[in-house]
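Scrolling down, you'll hit the structures one after another.
Shared chain: subunit A. Partners: subunit B in the first complex, subunit C in the second.
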Partner chain A sequence: MKWKLPYLSNKGKIAKPSIWVAILIILAVLPLFIKSPYLIHIINMTFIYILVTVSFRTILTSGQLPLAHAGFMGIGAYVSAIAAKTFGVSPWLSIPLGALVAMGVGILIGYPFARLRAVYYAMISLFFGMLIISGVKAFAKWTGGAAGLTGIPPLFGFNKVPYYYFFLGLTAVSLLILYRLESSRPGLNWKAIAQSYMVAASVGINEARYRIIASAIGCLFAGIAGATYAHYSTVVGPTSFSFMATIMLLIYVVVGGVGNFTGPIIGIFLLMTVPELLRGFREYVPYISAAIVLIVVFLMPKGVTGLVKSFLSWLAELWKSRRTNDAP
Partner chain B sequence: MELAAGIFANVLILSAMYILVALGFALLFSIAGILHVSHGAIYTVSGYICWQLATTAGINQWLALLLTVLIVGAFGLFLEKFCFRPFTGDFDRSLVVGIGIILILQTTIVVTVGQESRSMSPFVAGILHSDFVSISLERIVTFAMGAAMLGVLVWFINKTKPGLQMRAMSQDLQGAIMQGINVNRTSAIAIVIACASAAVAGCLMGAYISLSPFMGDVVLGKALILVILGGMGSMTGIFYAGLLLGALDATLPIFFSGSVAEVIAMSAIIIVLLFRPTGFLGREIS
Partner chain C sequence: MLLELHKVSKHFSGLVAVDNFNMSIDAGELVGLIGPNGAGKSTIFNLITGVLPVTKGKIIFDGEDITDKRPHEVAELGVGRTFQLNPLFSDFTVLENVVASFHLRPKSSVLSALLNTTTYRKHEASIKEQAMEILKLLGLDKVKDELGKHLPHGHRLVLGIARALAVKPKLLLLDEPTRGMSLEEIDLALGAIERVCQQGVTIVLVEHNMEVIDFCDRVVVMSFGRKIAEGSIDQVRKNEEVIKAYLGDINAA
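On to the complex of A and B.
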């Protein structure tokens, strides 16, 4: 009888979902043990940023570097906030509205921007992100300008625990959708385009179409995250959606590992949650982030998940060789 | 007349400073293949170093400027050797290293000096009176310094041997290696030059406007716009784009409020790039 490490076996596909279900159950009972509202707040923000960063990586898998991604989060946030605050729409309707507007803008700019590739796409999307921010500052009558928009109607009042379950459900469902997408036909097409757009086109993949689909889906989830963020924090300002915010998303992905779906989640945990927990000396927190970033970049070429992966395969290799050595 | 002269002086100064920062940025991008996002932070830090040397250590401000250029140049050498050379050809990771450097530099400024903006005493005081206009000497000196620095840079890149090697590297890296060009030394020279010109710009602009820990972000954005709009790998293009952007930045805020002017400028840039992705004078790079 052969015994295998359950996580490492090739046939152990059941192992992965069961790990995720276990994490989900732990997260579901967690608020019963955490009494500090501040801790719950940190976890809520982590959920929102996991959603944004994973959708950022979705666009990244299609070979596009979307440097306007935080800007799309901003579109969702501002549209939803203005609809709810100025026009009195219920947050339950304004959140989908904000997400759909973000997706619509993503599709609209997707058509002209699909002509550009690699660095040129990155740069034009960077300028589009700057355009969004300056637009927010210019229409100060609606958006509150550089000072930010306050008094956005909250989704559930001021208790953090309902938000916790809302964000947990939202993030879990969205991650499931994005994960399934990535391993299905469109996801494979995205990866093909990212590797070589010419080869992809030669086997009949419509490059422009799939790139637009990728940015539409990414922008949709960024919009959802932005809109829920607006109704959670009740205050939004342009700095949360600026170029540096997008760059931070890129850091989360690179630190976690670009090649892996769980990469962004680990990156967020290392760079957002851990420094947030060390808030006691908050002036020095960027030093900790910088140290983590530099350590990961210098020592782990494929990010944390890459290191874990190669460690696990090394372990499996060791296990295998020991078994063969033991055999008479 | 007075207003026109003021606008004209501002156009020239802003253009010269933008070009100075962007030229170093472009040099690094085309030669070493680094998207040097910490260029803005280096610009900021040099302004602060100059201010600290002049106020705390009590050194003459011109001497402080010189010292700052030396310090920042040496820092550039350190960056090239230990932070960028290990990641040659790896775009994502060198970008992330740059961000780590930004975090460290900005936090150091915030922790030691504080978030609020500081004013630096001008390099020269006084006003020049003539028959038509009166213009402050500081503006003239700032522009003259910027222009002189630009002249030296252009001369260096076009006429000297290291400059020739840099241009060879930006055209074809493999070919340059085969001709026996020491690639590492040439990129080290390039990064020292880039950091030194950013340092000059940082000190001059710190004195001309004011110092704040985040003043580099704006300049980094401008440098990116210049490099992309002028065309990667084209120096002349950067000059044209710099003059255009300086003119836009100095004149548009007179007619519109600041952020509306920004919206117009950004839309114009995006439209230009849609029709001409390689910029004014650029060539396609993969």
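On to the complex of A and C.
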């Protein structure tokens, strides 16, 4: 099977730590200036989806296309919601529980699925995602079925601002963990496997083990995002975790640029946050999104972040050549 | 005896690729495995390294039965190898290729990588140093920041050897290390093989280039999955069955 995922490089450092600290500080004081709860809500949803999409890309780096990823978000959401609503568990306990269950399922399916590569893995994970949705619909007594589950105990009541700080902290810490993993030995192994599993095995990298680790970590963070989302929105329905939801994650990653850790973040911002802010033109939003996707796919094969990088290195080249030309 | 293949057979649904093949390699030897195209030489490598399952027979490496071991386990025991096609991680730089290949020694846990512990950082620093040493040994240090896919063909194959050395192998299996190379590139590859030999690594290589074969202490000749001759190059050259395998049966014509 020649079909292979595009290579996911992570050359150099993603900007300087100081830039990230600055962004964090700006985000920390932002709620003091934003009075609209709706705007805060959009930013909260952005945080949640950044977490889901970045964890989706983590599995991508190991060379697998996890088409059940939104489903794992669903596992986290439903497990935590049912534990809290039906069994009266505190959300502070049910959220880790939901996340761990998502990770556990990720590991369990990781074992048989690790034998499958590329398009076969994509297919089987697609079916697994459908299975999750069918499960939600079949056990309507617990999950509320297709209509959704309502009345989930909220984490902080109905003021959006505490959630804002909660999601900011959660996303920042999670991204730090995922970035650390990707830019160190495990990430190197994931990328090695993705490029050539034969060569990787010949230097002693256990392909199955590292694919399962990627799957476990990706599913853990998808589960965290799903569980916190459940106790934020207090309502969950199966459509948020369907195959289409996973395809949206894929689109965010592709538009932002698969090759960069920041790619999914840019993709979410362009395709989720901005259209949400333009809700005055709601009927045009699908067209704008479609246009962005088409432009990126045809003109920027490495996504927006890839284009920015090429542009920066082009500028640097230009700068260098001008300096050498100016020199006597 | 470092490596011993005992009556090894490999069948591909009816086709017998390797038939009752025996071979033993002593530590420190440089052995050439030769034979016409399709004789099953690369298959032997794939059987030793666990890429293909053995149909019948036994493979012993360093006193341990490795017949049913998986590729990464065989690597862990100290067998390094190169591949004919796709010899490297093409989207890593030359240095990254070797650094990534240092997965086994020293080994570090996912947790220590995540926490960026001092031990982990020491490991990675020493890996980088050792990787640079290997690149210097094989004459690749000048291109260390090139992407694998941008390397000229000869350098790619030599990088394959560098990658395999990162496993710190007792036994190195080189699959056509000078395949399709220009004369200068062959010099680069030969120099690399010679220096690896001097490090005391046992090498088995599959090769068609006689210039490389002349380096070998001993050759094993294969044809249609069977061993047809074994010995010094001069002995093998005179062997009638070898001549028949390469040139066809002259008497039959």
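Some notes on this structure:
The working rule: the second predicted complex is superposed on the first by the 313 of 328 C-alpha atoms of A that agree within 3 Å, B and C clash if a C-alpha of one lies under 4 Å from a C-alpha of the other, contacts with A are read in each partner's own complex, and residues count from 1 in each chain.
Definition applied: contacts are C-beta pairs under 8 Å (C-beta built on N, C-alpha and C of every residue); 3 or more make two chains touch, one makes a residue touch a chain.
Computed from a predicted structure; not experimentally measured.
In the superposed three-chain model, the partner touching more residues of subunit A is B, compared with the other of subunit B and subunit C.
Contacts of A:265 after superposition on the shared chain: neither subunit B nor subunit C is touched.
In the superposed model, A:250 lies in contact with subunit B only, and not with subunit C.
Once the two complexes are overlaid on the shared chain, A:293 sits against subunit B while remaining clear of subunit C. Touch criterion not met for A:95: it reaches neither subunit B nor subunit C. With both structures placed on the common chain, the touch criterion links A:50 to neither subunit B nor subunit C. Counting contacts by the rule stated earlier, no residue of subunit A appears in both its interface with subunit B and its interface with subunit C.
Considering their complex, residues 7, 9, 177, 180-181, 184-186, 188-189, 191-192, 195-196, 198-207, 213 of subunit A touch subunit C. Contacts from subunit C toward subunit A in the complex involve residues 49, 51, 70-72, 75-76, 80-81, 83, 86-92, 96, 99-104, 108, 110, 113-114, 116, 120, 124, 163-164, 166-167. Against subunit A, in their complex, subunit B makes its touches with residues 37, 86-87, 92-93, 95-97, 99-101, 103-104, 106-107, 110-111, 217, 221, 224-225, 228, 232, 257-260, 262-263, 266-267, 269-270, 273-274, 277-278, 285-286. Residues 112-113, 115-116, 118-120, 123-124, 126-128, 130-131, 134-135, 137-138, 140, 145-146, 243-244, 247, 250-251, 254-255, 258, 283-284, 286-287, 289-290, 293-294, 297-298, 301 of subunit A are the ones touching subunit B in the complex.
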